[in-house]
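Take a look at the structures below.
Both complexes below contain chain A, partnered by chain B and then by chain C.
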Partner chain A sequence: MEDRNELISRLKTLIIESLQLEDIEPSDIGEDEPLFGNGLGLDSIDALELVVALEKEFGIIIPDEEVGKEAFASLNALTDFVQREKKDLS
Partner chain B sequence: MRFTAEDIVKVIPHRPPFLLIDSVEIIEFGKGGVGQKGLVKDDSFGDFFDTYLPSKRIMPRPMIIEAAAQTAAFVVAGERLLKEGRGNEGDAGGPAAGVPVGVPVGYLVKIGDFSFSGDAVEGDTLRLNVVLDNVFGALHKFSVVAEAGGVEIARGSLTFSVERAGGGG
Partner chain C sequence: MTGGSKGIGRAISLALAEKGADVIVNYSANDDAAKGVVLEIEAMGRKAAAIKADVSDTAQVEDMFGRIRKDPGRLDILVNNAGIIRDKLLMFMNEEDWNRVIDINLKGVYNCCKTAIRFMIGEKYGKIVNMVSPSAILGRAGQTNYASSKGGVISFTRSLAQEIARFNVCVNAVSPGLIETEMMDNLTEETKKELLSAVPIGRLGTPEEVTGAVLFLASDRSDYITGQVISVDGGLT
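Up next is the complex of A and B:
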(Lines of atoms letter the chains of each structure in order from A and count residues from 1; the text may use other names and numbers.)
(Lines give C-alpha, C1' and ligand atoms only; values in the text may rest on other atoms or scores of the structure.)
Protein backbone atom coordinates (compact mmCIF):
# COMPACT_ATOMS: atom_id res chain seq x y z
CA MET A 1 0.00 0.00 0.00
CA GLU A 2 1.39 3.37 -1.00
CA ASP A 3 2.35 5.61 1.91
CA ARG A 4 0.06 8.66 2.28
CA ASN A 5 2.94 11.14 1.98
CA GLU A 6 4.10 9.45 -1.22
CA LEU A 7 0.58 9.64 -2.61
CA ILE A 8 0.30 13.34 -1.72
CA SER A 9 3.58 13.99 -3.50
CA ARG A 10 2.42 11.99 -6.52
CA LEU A 11 -0.87 13.91 -6.63
CA LYS A 12 0.91 17.25 -6.45
CA THR A 13 3.05 16.27 -9.42
CA LEU A 14 -0.03 15.02 -11.27
CA ILE A 15 -1.87 18.31 -10.68
CA ILE A 16 1.10 20.41 -11.81
CA GLU A 17 1.88 18.33 -14.88
CA SER A 18 -1.65 17.62 -16.10
CA LEU A 19 -2.70 21.25 -15.69
CA GLN A 20 0.64 22.61 -16.92
CA LEU A 21 0.98 24.89 -13.88
CA GLU A 22 4.40 26.17 -14.86
CA ASP A 23 4.75 28.69 -12.03
CA ILE A 24 3.67 26.33 -9.24
CA GLU A 25 6.03 24.15 -7.19
CA PRO A 26 4.77 21.11 -5.24
CA SER A 27 5.52 23.00 -2.02
CA ASP A 28 3.12 25.77 -3.14
CA ILE A 29 0.14 23.44 -2.87
CA GLY A 30 -1.19 23.46 0.68
CA GLU A 31 -2.74 20.18 1.75
CA ASP A 32 -5.86 21.76 3.22
CA GLU A 33 -6.32 24.71 0.91
CA PRO A 34 -9.12 24.54 -1.69
CA LEU A 35 -7.91 23.41 -5.12
CA PHE A 36 -10.50 25.57 -6.83
CA GLY A 37 -11.60 29.17 -6.49
CA ASN A 38 -9.65 31.12 -3.90
CA GLY A 39 -7.17 28.36 -3.10
CA LEU A 40 -5.01 27.11 -5.93
CA GLY A 41 -7.26 29.03 -8.32
CA LEU A 42 -8.26 26.15 -10.58
CA ASP A 43 -11.43 26.37 -12.70
CA SER A 44 -14.00 23.94 -14.10
CA ILE A 45 -11.92 23.20 -17.21
CA ASP A 46 -9.02 22.27 -14.92
CA ALA A 47 -11.41 19.97 -13.07
CA LEU A 48 -12.13 18.07 -16.26
CA GLU A 49 -8.41 17.80 -17.03
CA LEU A 50 -7.86 16.47 -13.52
CA VAL A 51 -10.66 13.93 -13.95
CA VAL A 52 -8.95 12.72 -17.14
CA ALA A 53 -5.52 12.60 -15.45
CA LEU A 54 -6.83 10.63 -12.42
CA GLU A 55 -8.46 8.09 -14.68
CA LYS A 56 -5.27 7.70 -16.70
CA GLU A 57 -2.94 7.53 -13.69
CA PHE A 58 -5.01 5.49 -11.23
CA GLY A 59 -7.93 4.07 -13.22
CA ILE A 60 -10.24 6.05 -10.93
CA ILE A 61 -13.43 7.49 -12.38
CA ILE A 62 -15.08 10.62 -11.02
CA PRO A 63 -18.58 10.19 -12.42
CA ASP A 64 -20.16 13.55 -11.72
CA GLU A 65 -19.77 17.00 -10.24
CA GLU A 66 -21.06 15.97 -6.82
CA VAL A 67 -18.29 13.41 -6.39
CA GLY A 68 -15.84 15.88 -7.91
CA LYS A 69 -16.84 18.56 -5.43
CA GLU A 70 -15.97 16.24 -2.55
CA ALA A 71 -12.77 14.87 -4.12
CA PHE A 72 -11.40 18.25 -5.20
CA ALA A 73 -12.19 20.11 -1.97
CA SER A 74 -8.48 20.05 -1.06
CA LEU A 75 -5.37 17.97 -1.62
CA ASN A 76 -6.10 16.06 1.59
CA ALA A 77 -9.64 15.37 0.39
CA LEU A 78 -8.30 14.19 -2.96
CA THR A 79 -5.79 11.94 -1.21
CA ASP A 80 -8.57 10.41 0.92
CA PHE A 81 -10.65 9.89 -2.18
CA VAL A 82 -7.86 8.22 -4.17
CA GLN A 83 -6.91 5.96 -1.25
CA ARG A 84 -10.52 4.89 -0.84
CA GLU A 85 -11.08 4.29 -4.54
CA LYS A 86 -7.79 2.43 -4.96
CA LYS A 87 -8.78 0.11 -2.13
CA ASP A 88 -12.10 -0.56 -3.90
CA LEU A 89 -10.27 -1.30 -7.15
CA SER A 90 -7.79 -3.73 -5.61
CA MET B 1 -24.69 5.43 -40.04
CA ARG B 2 -24.19 8.37 -42.35
CA PHE B 3 -25.98 11.70 -42.02
CA THR B 4 -26.12 14.36 -44.71
CA ALA B 5 -26.17 18.15 -44.55
CA GLU B 6 -29.96 17.97 -44.50
CA ASP B 7 -29.76 16.17 -41.13
CA ILE B 8 -26.85 18.25 -39.83
CA VAL B 9 -28.72 21.56 -40.16
CA LYS B 10 -31.54 20.11 -38.05
CA VAL B 11 -29.08 19.71 -35.19
CA ILE B 12 -26.49 22.49 -35.32
CA PRO B 13 -27.23 26.15 -36.05
CA HIS B 14 -24.33 26.74 -38.47
CA ARG B 15 -25.21 27.68 -42.03
CA PRO B 16 -23.21 28.22 -45.24
CA PRO B 17 -20.65 29.58 -45.65
CA PHE B 18 -19.91 28.67 -42.02
CA LEU B 19 -21.31 25.15 -42.12
CA LEU B 20 -18.02 23.34 -42.55
CA ILE B 21 -19.13 19.70 -42.79
CA ASP B 22 -21.35 18.15 -45.42
CA SER B 23 -21.81 14.72 -43.85
CA VAL B 24 -21.16 12.87 -40.60
CA GLU B 25 -20.57 9.14 -40.25
CA ILE B 26 -21.69 8.27 -36.73
CA ILE B 27 -19.68 5.53 -35.05
CA GLU B 28 -21.93 5.84 -31.99
CA PHE B 29 -24.03 8.82 -30.98
CA GLY B 30 -22.60 10.38 -27.86
CA LYS B 31 -19.26 8.64 -28.41
CA GLY B 32 -17.68 9.42 -31.75
CA GLY B 33 -17.99 10.04 -35.46
CA VAL B 34 -16.33 11.26 -38.61
CA GLY B 35 -17.25 14.56 -40.21
CA GLN B 36 -16.52 15.01 -43.87
CA LYS B 37 -16.13 18.02 -46.15
CA GLY B 38 -15.37 17.97 -49.85
CA LEU B 39 -13.09 20.93 -50.48
CA VAL B 40 -14.51 22.13 -53.76
CA LYS B 41 -14.52 25.64 -55.09
CA ASP B 42 -18.00 25.64 -56.60
CA ASP B 43 -19.81 26.37 -53.34
CA SER B 44 -19.76 29.24 -50.87
CA PHE B 45 -16.79 27.70 -49.13
CA GLY B 46 -14.73 28.40 -52.26
CA ASP B 47 -14.26 31.98 -51.10
CA PHE B 48 -11.58 30.86 -48.65
CA PHE B 49 -9.39 29.46 -51.39
CA ASP B 50 -9.54 32.80 -53.19
CA THR B 51 -8.97 34.99 -50.16
CA TYR B 52 -6.70 33.05 -47.76
CA LEU B 53 -3.19 32.35 -49.12
CA PRO B 54 -4.63 32.20 -52.69
CA SER B 55 -1.44 30.75 -54.17
CA LYS B 56 -1.67 27.73 -51.80
CA ARG B 57 -5.41 26.96 -52.21
CA ILE B 58 -5.67 25.63 -48.65
CA MET B 59 -8.31 25.60 -45.95
CA PRO B 60 -7.35 27.94 -43.08
CA ARG B 61 -6.12 25.72 -40.25
CA PRO B 62 -8.32 27.30 -37.56
CA MET B 63 -11.32 26.39 -39.72
CA ILE B 64 -10.28 22.74 -39.56
CA ILE B 65 -10.69 23.04 -35.80
CA GLU B 66 -14.12 24.63 -36.32
CA ALA B 67 -15.12 21.78 -38.67
CA ALA B 68 -14.11 19.28 -35.98
CA ALA B 69 -16.12 21.26 -33.41
CA GLN B 70 -19.21 21.09 -35.63
CA THR B 71 -18.73 17.33 -36.00
CA ALA B 72 -18.45 16.96 -32.23
CA ALA B 73 -21.64 18.99 -31.75
CA PHE B 74 -23.51 16.64 -34.07
CA VAL B 75 -22.12 13.58 -32.27
CA VAL B 76 -23.30 14.90 -28.89
CA ALA B 77 -26.69 16.31 -29.84
CA GLY B 78 -27.67 14.53 -33.05
CA GLU B 79 -29.50 11.49 -31.77
CA ARG B 80 -31.88 13.27 -29.43
CA LEU B 81 -32.59 16.24 -31.67
CA LEU B 82 -33.22 14.19 -34.79
CA LYS B 83 -35.53 11.93 -32.81
CA GLU B 84 -37.41 14.93 -31.42
CA GLY B 85 -37.57 16.61 -34.83
CA ARG B 86 -36.49 19.88 -33.20
CA GLY B 87 -35.12 21.26 -36.48
CA ASN B 88 -38.53 22.32 -37.68
CA GLU B 89 -39.12 24.72 -34.82
CA GLY B 90 -37.24 27.60 -36.38
CA ASP B 91 -39.05 27.56 -39.73
CA ALA B 92 -40.48 31.02 -39.36
CA GLY B 93 -38.77 32.51 -42.41
CA GLY B 94 -35.92 35.01 -42.58
CA PRO B 95 -32.18 34.30 -42.40
CA ALA B 96 -32.54 31.91 -39.44
CA ALA B 97 -35.20 29.74 -41.05
CA GLY B 98 -34.79 26.11 -40.08
CA VAL B 99 -32.21 26.85 -37.40
CA PRO B 100 -32.91 24.64 -34.39
CA VAL B 101 -34.20 26.71 -31.47
CA GLY B 102 -34.58 26.03 -27.79
CA VAL B 103 -31.83 23.41 -27.81
CA PRO B 104 -28.66 23.38 -25.69
CA VAL B 105 -25.70 25.16 -27.29
CA GLY B 106 -22.14 23.92 -26.84
CA TYR B 107 -19.45 26.57 -26.47
CA LEU B 108 -15.83 25.79 -27.29
CA VAL B 109 -13.92 26.51 -24.08
CA LYS B 110 -10.53 24.94 -24.73
CA ILE B 111 -8.37 23.98 -27.70
CA GLY B 112 -5.80 21.58 -26.27
CA ASP B 113 -2.44 20.59 -27.70
CA PHE B 114 -3.39 21.00 -31.34
CA SER B 115 -0.61 20.33 -33.79
CA PHE B 116 -0.65 20.44 -37.58
CA SER B 117 1.48 18.30 -39.85
CA GLY B 118 -0.09 19.24 -43.19
CA ASP B 119 -2.81 21.15 -44.98
CA ALA B 120 -6.19 20.47 -46.53
CA VAL B 121 -5.87 21.55 -50.15
CA GLU B 122 -8.57 22.36 -52.69
CA GLY B 123 -9.85 19.09 -54.14
CA ASP B 124 -9.14 17.07 -50.97
CA THR B 125 -11.74 15.43 -48.82
CA LEU B 126 -11.35 16.62 -45.23
CA ARG B 127 -12.20 14.03 -42.57
CA LEU B 128 -12.61 14.92 -38.91
CA ASN B 129 -12.41 11.94 -36.55
CA VAL B 130 -13.80 12.93 -33.16
CA VAL B 131 -14.02 10.75 -30.06
CA LEU B 132 -15.59 11.79 -26.77
CA ASP B 133 -12.98 11.09 -24.09
CA ASN B 134 -14.65 12.47 -20.96
CA VAL B 135 -17.69 14.27 -19.64
CA PHE B 136 -17.63 16.14 -16.37
CA GLY B 137 -20.68 18.22 -15.57
CA ALA B 138 -21.34 20.43 -18.57
CA LEU B 139 -17.85 19.89 -19.97
CA HIS B 140 -17.25 17.48 -22.85
CA LYS B 141 -13.71 16.71 -23.98
CA PHE B 142 -13.05 15.27 -27.45
CA SER B 143 -9.88 14.00 -29.09
CA VAL B 144 -9.63 14.94 -32.76
CA VAL B 145 -7.66 13.58 -35.69
CA ALA B 146 -8.04 15.42 -39.01
CA GLU B 147 -7.14 13.85 -42.35
CA ALA B 148 -7.01 15.30 -45.84
CA GLY B 149 -6.46 13.24 -48.97
CA GLY B 150 -6.18 10.17 -46.72
CA VAL B 151 -3.26 11.62 -44.75
CA GLU B 152 -3.30 12.84 -41.14
CA ILE B 153 -2.83 16.60 -41.05
CA ALA B 154 -3.75 17.56 -37.48
CA ARG B 155 -4.56 16.21 -34.05
CA GLY B 156 -5.51 17.68 -30.72
CA SER B 157 -8.35 17.98 -28.25
CA LEU B 158 -11.40 20.20 -27.93
CA THR B 159 -13.43 20.89 -24.81
CA PHE B 160 -16.98 22.23 -24.90
CA SER B 161 -19.30 23.55 -22.27
CA VAL B 162 -22.76 22.33 -23.17
CA GLU B 163 -25.75 24.23 -21.82
CA ARG B 164 -28.09 22.19 -19.69
CA ALA B 165 -31.26 21.04 -21.40
CA GLY B 166 -33.81 23.81 -21.17
CA GLY B 167 -31.07 26.37 -20.60
CA GLY B 168 -31.98 28.46 -23.62
CA GLY B 169 -29.84 29.10 -26.69
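Up next is the complex of A and C:
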Protein backbone atom coordinates (compact mmCIF):
# COMPACT_ATOMS: atom_id res chain seq x y z
CA MET A 1 0.00 0.00 0.00
CA GLU A 2 1.43 3.35 -1.06
CA ASP A 3 2.42 5.66 1.76
CA ARG A 4 -0.08 8.56 2.10
CA ASN A 5 2.64 11.21 1.75
CA GLU A 6 3.95 9.49 -1.37
CA LEU A 7 0.43 9.46 -2.81
CA ILE A 8 -0.08 13.15 -2.00
CA SER A 9 3.17 13.97 -3.76
CA ARG A 10 2.16 11.86 -6.76
CA LEU A 11 -1.23 13.56 -6.93
CA LYS A 12 0.33 17.03 -6.79
CA THR A 13 2.53 16.11 -9.76
CA LEU A 14 -0.47 14.66 -11.60
CA ILE A 15 -2.50 17.84 -11.03
CA ILE A 16 0.32 20.12 -12.18
CA GLU A 17 1.19 18.02 -15.25
CA SER A 18 -2.30 17.13 -16.45
CA LEU A 19 -3.64 20.67 -16.02
CA GLN A 20 -0.40 22.17 -17.37
CA LEU A 21 -0.02 24.54 -14.41
CA GLU A 22 3.34 25.89 -15.47
CA ASP A 23 3.64 28.52 -12.73
CA ILE A 24 2.58 26.27 -9.87
CA GLU A 25 4.97 24.31 -7.63
CA PRO A 26 3.84 21.27 -5.62
CA SER A 27 4.31 23.31 -2.44
CA ASP A 28 1.74 25.83 -3.77
CA ILE A 29 -1.05 23.26 -3.54
CA GLY A 30 -2.55 23.38 -0.04
CA GLU A 31 -3.81 20.03 1.20
CA ASP A 32 -7.08 21.38 2.56
CA GLU A 33 -7.83 24.03 -0.06
CA PRO A 34 -10.46 23.46 -2.75
CA LEU A 35 -8.85 22.21 -5.95
CA PHE A 36 -11.35 24.07 -8.10
CA GLY A 37 -12.82 27.55 -7.80
CA ASN A 38 -10.38 29.65 -5.81
CA GLY A 39 -6.76 28.87 -5.18
CA LEU A 40 -5.51 27.29 -8.40
CA GLY A 41 -8.05 29.26 -10.49
CA LEU A 42 -9.47 26.17 -12.16
CA ASP A 43 -13.04 25.66 -13.32
CA SER A 44 -15.34 22.68 -13.74
CA ILE A 45 -14.23 22.07 -17.30
CA ASP A 46 -10.59 21.87 -16.20
CA ALA A 47 -11.81 19.12 -13.86
CA LEU A 48 -12.51 16.93 -16.91
CA GLU A 49 -8.81 16.76 -17.57
CA LEU A 50 -8.11 15.61 -14.02
CA VAL A 51 -10.89 12.99 -14.30
CA VAL A 52 -9.21 11.57 -17.40
CA ALA A 53 -5.75 11.75 -15.82
CA LEU A 54 -6.93 9.83 -12.73
CA GLU A 55 -8.40 7.14 -14.95
CA LYS A 56 -5.16 6.86 -16.89
CA GLU A 57 -2.87 6.89 -13.85
CA PHE A 58 -4.86 4.81 -11.36
CA GLY A 59 -7.62 3.14 -13.39
CA ILE A 60 -10.15 4.96 -11.20
CA ILE A 61 -13.36 6.22 -12.80
CA ILE A 62 -15.26 9.26 -11.60
CA PRO A 63 -18.73 8.46 -12.93
CA ASP A 64 -20.63 11.68 -12.19
CA GLU A 65 -20.45 15.24 -10.90
CA GLU A 66 -21.45 14.37 -7.33
CA VAL A 67 -18.55 11.95 -6.90
CA GLY A 68 -16.27 14.47 -8.58
CA LYS A 69 -17.30 17.30 -6.23
CA GLU A 70 -16.54 15.15 -3.23
CA ALA A 71 -13.22 13.85 -4.58
CA PHE A 72 -12.00 17.27 -5.70
CA ALA A 73 -13.07 19.12 -2.53
CA SER A 74 -9.38 19.29 -1.59
CA LEU A 75 -6.11 17.45 -2.09
CA ASN A 76 -6.76 15.53 1.13
CA ALA A 77 -10.23 14.58 -0.09
CA LEU A 78 -8.74 13.42 -3.39
CA THR A 79 -6.10 11.39 -1.57
CA ASP A 80 -8.77 9.71 0.58
CA PHE A 81 -10.81 9.00 -2.55
CA VAL A 82 -7.90 7.47 -4.45
CA GLN A 83 -6.85 5.32 -1.47
CA ARG A 84 -10.42 4.09 -1.10
CA GLU A 85 -10.88 3.33 -4.79
CA LYS A 86 -7.48 1.66 -5.12
CA LYS A 87 -8.34 -0.60 -2.18
CA ASP A 88 -11.62 -1.56 -3.91
CA LEU A 89 -9.77 -2.30 -7.15
CA SER A 90 -7.16 -4.57 -5.58
CA MET B 1 -16.91 5.59 -37.77
CA THR B 2 -20.42 4.83 -36.62
CA GLY B 3 -22.77 3.55 -39.28
CA GLY B 4 -19.71 2.90 -41.40
CA SER B 5 -20.76 -0.14 -43.40
CA LYS B 6 -22.85 1.40 -46.17
CA GLY B 7 -23.77 4.53 -48.12
CA ILE B 8 -22.05 7.72 -47.06
CA GLY B 9 -20.66 5.99 -43.95
CA ARG B 10 -18.84 3.45 -46.10
CA ALA B 11 -17.52 6.22 -48.36
CA ILE B 12 -16.19 8.12 -45.34
CA SER B 13 -14.61 4.97 -43.84
CA LEU B 14 -12.74 4.32 -47.09
CA ALA B 15 -11.77 7.96 -47.55
CA LEU B 16 -10.30 8.14 -44.04
CA ALA B 17 -8.31 4.97 -44.69
CA GLU B 18 -7.03 6.35 -48.01
CA LYS B 19 -5.70 9.34 -46.09
CA GLY B 20 -3.84 7.11 -43.65
CA ALA B 21 -6.29 6.39 -40.85
CA ASP B 22 -6.85 2.99 -39.29
CA VAL B 23 -10.60 2.62 -38.99
CA ILE B 24 -13.05 0.98 -36.61
CA VAL B 25 -16.21 0.40 -38.64
CA ASN B 26 -19.20 0.38 -36.34
CA TYR B 27 -22.41 -1.11 -37.70
CA SER B 28 -25.72 -2.33 -36.37
CA ALA B 29 -26.99 -5.07 -38.66
CA ASN B 30 -25.22 -6.14 -41.82
CA ASP B 31 -22.19 -8.25 -40.83
CA ASP B 32 -21.20 -8.92 -44.44
CA ALA B 33 -21.30 -5.26 -45.47
CA ALA B 34 -19.15 -4.28 -42.48
CA LYS B 35 -16.65 -7.06 -43.14
CA GLY B 36 -16.55 -5.96 -46.78
CA VAL B 37 -15.53 -2.45 -45.76
CA VAL B 38 -12.88 -3.86 -43.42
CA LEU B 39 -11.40 -5.94 -46.24
CA GLU B 40 -11.34 -2.93 -48.58
CA ILE B 41 -9.50 -0.90 -45.94
CA GLU B 42 -7.03 -3.70 -45.25
CA ALA B 43 -6.35 -3.95 -48.98
CA MET B 44 -5.15 -0.32 -48.76
CA GLY B 45 -2.60 -1.40 -46.17
CA ARG B 46 -4.45 0.12 -43.22
CA LYS B 47 -5.77 -1.65 -40.13
CA ALA B 48 -9.50 -2.02 -39.70
CA ALA B 49 -11.99 -3.82 -37.52
CA ALA B 50 -15.78 -4.05 -37.55
CA ILE B 51 -17.61 -3.69 -34.24
CA LYS B 52 -21.32 -4.33 -34.06
CA ALA B 53 -23.09 -2.02 -31.62
CA ASP B 54 -26.42 -0.23 -31.47
CA VAL B 55 -25.32 3.34 -30.71
CA SER B 56 -28.57 4.01 -28.83
CA ASP B 57 -27.62 1.31 -26.29
CA THR B 58 -25.30 2.80 -23.65
CA ALA B 59 -23.89 -0.58 -22.56
CA GLN B 60 -23.10 -1.64 -26.13
CA VAL B 61 -21.37 1.67 -26.82
CA GLU B 62 -19.31 1.42 -23.61
CA ASP B 63 -18.36 -2.11 -24.57
CA MET B 64 -17.33 -0.95 -28.06
CA PHE B 65 -15.10 1.78 -26.68
CA GLY B 66 -13.75 -0.64 -24.08
CA ARG B 67 -12.56 -2.82 -26.96
CA ILE B 68 -11.04 0.23 -28.66
CA ARG B 69 -9.26 1.08 -25.38
CA LYS B 70 -7.62 -2.38 -25.46
CA ASP B 71 -6.80 -2.25 -29.19
CA PRO B 72 -5.68 0.13 -30.64
CA GLY B 73 -5.74 2.06 -27.35
CA ARG B 74 -6.24 5.45 -28.92
CA LEU B 75 -8.92 7.42 -30.74
CA ASP B 76 -8.15 10.50 -32.81
CA ILE B 77 -11.27 10.90 -34.94
CA LEU B 78 -14.91 10.08 -34.28
CA VAL B 79 -17.44 10.38 -37.09
CA ASN B 80 -21.03 9.98 -35.90
CA ASN B 81 -22.88 8.84 -38.99
CA ALA B 82 -25.18 6.13 -37.63
CA GLY B 83 -28.73 7.22 -38.25
CA ILE B 84 -32.16 6.09 -39.36
CA ILE B 85 -35.19 7.61 -41.02
CA ARG B 86 -38.80 6.78 -40.20
CA ASP B 87 -40.75 9.36 -42.14
CA LYS B 88 -44.39 9.81 -41.20
CA LEU B 89 -46.72 12.74 -40.91
CA LEU B 90 -46.90 13.63 -37.24
CA MET B 91 -50.55 12.67 -36.81
CA PHE B 92 -49.66 9.10 -37.77
CA MET B 93 -46.24 8.94 -36.16
CA ASN B 94 -46.35 6.52 -33.25
CA GLU B 95 -44.14 6.66 -30.21
CA GLU B 96 -41.86 3.90 -31.51
CA ASP B 97 -41.21 5.90 -34.74
CA TRP B 98 -40.38 8.98 -32.69
CA ASN B 99 -38.31 7.30 -29.97
CA ARG B 100 -36.23 5.08 -32.25
CA VAL B 101 -35.15 7.97 -34.48
CA ILE B 102 -34.30 10.22 -31.52
CA ASP B 103 -32.51 7.36 -29.74
CA ILE B 104 -30.28 6.35 -32.63
CA ASN B 105 -29.71 9.74 -34.25
CA LEU B 106 -29.35 11.92 -31.15
CA LYS B 107 -28.80 9.71 -28.12
CA GLY B 108 -26.36 7.69 -30.22
CA VAL B 109 -24.25 10.83 -30.65
CA TYR B 110 -24.46 11.49 -26.90
CA ASN B 111 -23.40 7.91 -26.09
CA CYS B 112 -20.46 7.87 -28.49
CA CYS B 113 -19.15 11.36 -27.75
CA LYS B 114 -19.41 10.92 -23.98
CA THR B 115 -17.00 7.99 -24.11
CA ALA B 116 -14.83 9.15 -26.99
CA ILE B 117 -13.93 12.45 -25.34
CA ARG B 118 -12.21 10.58 -22.51
CA PHE B 119 -9.67 9.37 -25.05
CA MET B 120 -9.37 12.74 -26.73
CA ILE B 121 -9.08 14.89 -23.60
CA GLY B 122 -6.38 12.52 -22.36
CA GLU B 123 -4.48 12.81 -25.66
CA LYS B 124 -5.16 16.58 -25.86
CA TYR B 125 -6.21 16.03 -29.45
CA GLY B 126 -9.38 14.99 -31.19
CA LYS B 127 -11.71 15.54 -34.07
CA ILE B 128 -15.41 14.80 -33.83
CA VAL B 129 -17.58 15.12 -36.93
CA ASN B 130 -21.34 14.69 -36.60
CA MET B 131 -23.39 14.03 -39.70
CA VAL B 132 -26.58 16.10 -39.76
CA SER B 133 -29.11 17.11 -42.43
CA PRO B 134 -30.66 20.09 -44.24
CA SER B 135 -33.93 18.92 -42.68
CA ALA B 136 -32.63 20.20 -39.34
CA ILE B 137 -32.24 23.68 -40.79
CA LEU B 138 -35.21 23.89 -43.19
CA GLY B 139 -37.63 21.42 -41.66
CA ARG B 140 -39.38 18.87 -43.84
CA ALA B 141 -42.92 17.55 -43.80
CA GLY B 142 -42.88 13.94 -42.61
CA GLN B 143 -39.62 14.37 -40.74
CA THR B 144 -40.54 15.93 -37.42
CA ASN B 145 -38.63 13.09 -35.76
CA TYR B 146 -35.63 13.07 -38.09
CA ALA B 147 -35.34 16.87 -38.32
CA SER B 148 -35.59 17.15 -34.53
CA SER B 149 -32.90 14.54 -34.02
CA LYS B 150 -30.50 16.25 -36.43
CA GLY B 151 -31.37 19.69 -35.06
CA GLY B 152 -30.50 18.33 -31.65
CA VAL B 153 -27.18 17.09 -32.99
CA ILE B 154 -26.38 20.58 -34.30
CA SER B 155 -27.03 22.13 -30.88
CA PHE B 156 -25.10 19.30 -29.22
CA THR B 157 -22.18 19.93 -31.60
CA ARG B 158 -22.06 23.63 -30.76
CA SER B 159 -22.28 23.03 -26.99
CA LEU B 160 -19.73 20.23 -26.83
CA ALA B 161 -17.37 22.28 -29.00
CA GLN B 162 -17.37 24.99 -26.33
CA GLU B 163 -16.89 22.47 -23.50
CA ILE B 164 -13.79 20.79 -24.83
CA ALA B 165 -12.14 23.31 -27.16
CA ARG B 166 -9.48 24.03 -24.54
CA PHE B 167 -8.29 20.42 -24.81
CA ASN B 168 -7.60 20.82 -28.55
CA VAL B 169 -10.64 18.73 -29.45
CA CYS B 170 -12.70 20.13 -32.33
CA VAL B 171 -16.37 19.23 -32.73
CA ASN B 172 -18.11 20.06 -36.01
CA ALA B 173 -20.94 18.85 -38.19
CA VAL B 174 -21.39 18.13 -41.89
CA SER B 175 -24.83 18.44 -43.47
CA PRO B 176 -25.04 16.51 -46.76
CA GLY B 177 -27.89 17.53 -49.07
CA LEU B 178 -29.13 15.42 -51.95
CA ILE B 179 -26.29 13.00 -52.66
CA GLU B 180 -25.87 10.28 -55.32
CA THR B 181 -26.55 7.19 -53.26
CA GLU B 182 -28.58 3.99 -53.62
CA MET B 183 -31.44 5.74 -51.86
CA MET B 184 -31.50 8.43 -54.59
CA ASP B 185 -31.25 5.80 -57.34
CA ASN B 186 -34.49 4.29 -56.10
CA LEU B 187 -36.49 7.50 -56.62
CA THR B 188 -38.45 8.19 -59.78
CA GLU B 189 -37.07 10.76 -62.25
CA GLU B 190 -40.03 12.98 -61.46
CA THR B 191 -39.29 12.94 -57.73
CA LYS B 192 -35.60 13.59 -58.34
CA LYS B 193 -36.47 16.55 -60.61
CA GLU B 194 -38.79 17.97 -57.96
CA LEU B 195 -36.15 17.66 -55.25
CA LEU B 196 -33.43 19.13 -57.45
CA SER B 197 -35.55 22.18 -58.26
CA ALA B 198 -34.69 23.46 -54.77
CA VAL B 199 -30.94 23.01 -55.27
CA PRO B 200 -29.35 26.13 -56.85
CA ILE B 201 -26.42 24.14 -58.25
CA GLY B 202 -29.02 21.92 -59.95
CA ARG B 203 -27.48 18.50 -59.49
CA LEU B 204 -26.98 15.79 -56.90
CA GLY B 205 -23.83 15.92 -54.84
CA THR B 206 -21.32 13.09 -54.97
CA PRO B 207 -20.19 11.00 -52.00
CA GLU B 208 -16.67 12.36 -52.64
CA GLU B 209 -17.92 15.91 -52.13
CA VAL B 210 -19.28 14.88 -48.73
CA THR B 211 -16.17 12.93 -47.74
CA GLY B 212 -14.08 15.95 -48.71
CA ALA B 213 -15.75 18.03 -46.04
CA VAL B 214 -15.42 15.26 -43.44
CA LEU B 215 -11.74 14.71 -44.25
CA PHE B 216 -11.08 18.44 -43.90
CA LEU B 217 -12.76 18.55 -40.48
CA ALA B 218 -10.91 15.39 -39.43
CA SER B 219 -7.54 16.84 -40.42
CA ASP B 220 -5.03 19.27 -38.93
CA ARG B 221 -6.07 21.84 -41.52
CA SER B 222 -9.22 22.54 -39.52
CA ASP B 223 -7.52 22.98 -36.14
CA TYR B 224 -9.04 26.46 -35.73
CA ILE B 225 -12.56 25.39 -36.67
CA THR B 226 -14.97 24.13 -34.03
CA GLY B 227 -18.70 24.31 -33.34
CA GLN B 228 -19.49 24.74 -37.03
CA VAL B 229 -21.84 23.12 -39.53
CA ILE B 230 -20.59 22.71 -43.07
CA SER B 231 -23.45 22.21 -45.49
CA VAL B 232 -22.54 20.18 -48.57
CA ASP B 233 -25.85 20.71 -50.33
CA GLY B 234 -25.40 22.73 -53.51
CA GLY B 235 -26.94 25.81 -51.90
CA LEU B 236 -30.10 24.06 -50.67
CA THR B 237 -29.86 25.77 -47.29
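Methods note: the second predicted complex is superposed on the first by the 90 of 90 C-alpha atoms of A that agree within 3 Å, B and C clash if a C-alpha of one lies under 4 Å from a C-alpha of the other, contacts with A are read in each partner's own complex, and residues count from 1 in each chain.
Following the convention adopted for this analysis, contacts are C-beta pairs under 8 Å (C-beta built on N, C-alpha and C of every residue); 3 or more make two chains touch, one makes a residue touch a chain.
Source: prediction; values computed, not measured.
Judged by the touch definition given at the top, the superposed model places A:V82 against neither chain B nor chain C. In the superposed model, A:A73 lies in contact with neither chain B nor chain C. After overlaying the two complexes on the shared chain, residue contacts for A:I8 are found with neither chain B nor chain C.
Contacts of A:L48 after superposition: both chain B and chain C are touched.
By the touch criterion defined above, A:D64 reaches chain B but does not reach chain C.
According to the touch criterion, the shared surface of chain A, contacted by chain B in one complex and chain C in the other, consists of residues 45, 48, 51-52, 55. Chain contact summary for the complex, chain A toward chain B: residues 44-45, 47-48, 51-52, 55, 62, 64-65, 68. Residue ranges of chain C in contact with chain A, taken from their complex: 117-118, 121-122, 163-164, 166-167. Across the complex, chain C is touched by residues 45-46, 48-49, 51-53, 55-56 of chain A. Across the interface of their complex, chain A is touched by residues 109-110, 133-134, 136-139, 141, 159, 161 of chain B.
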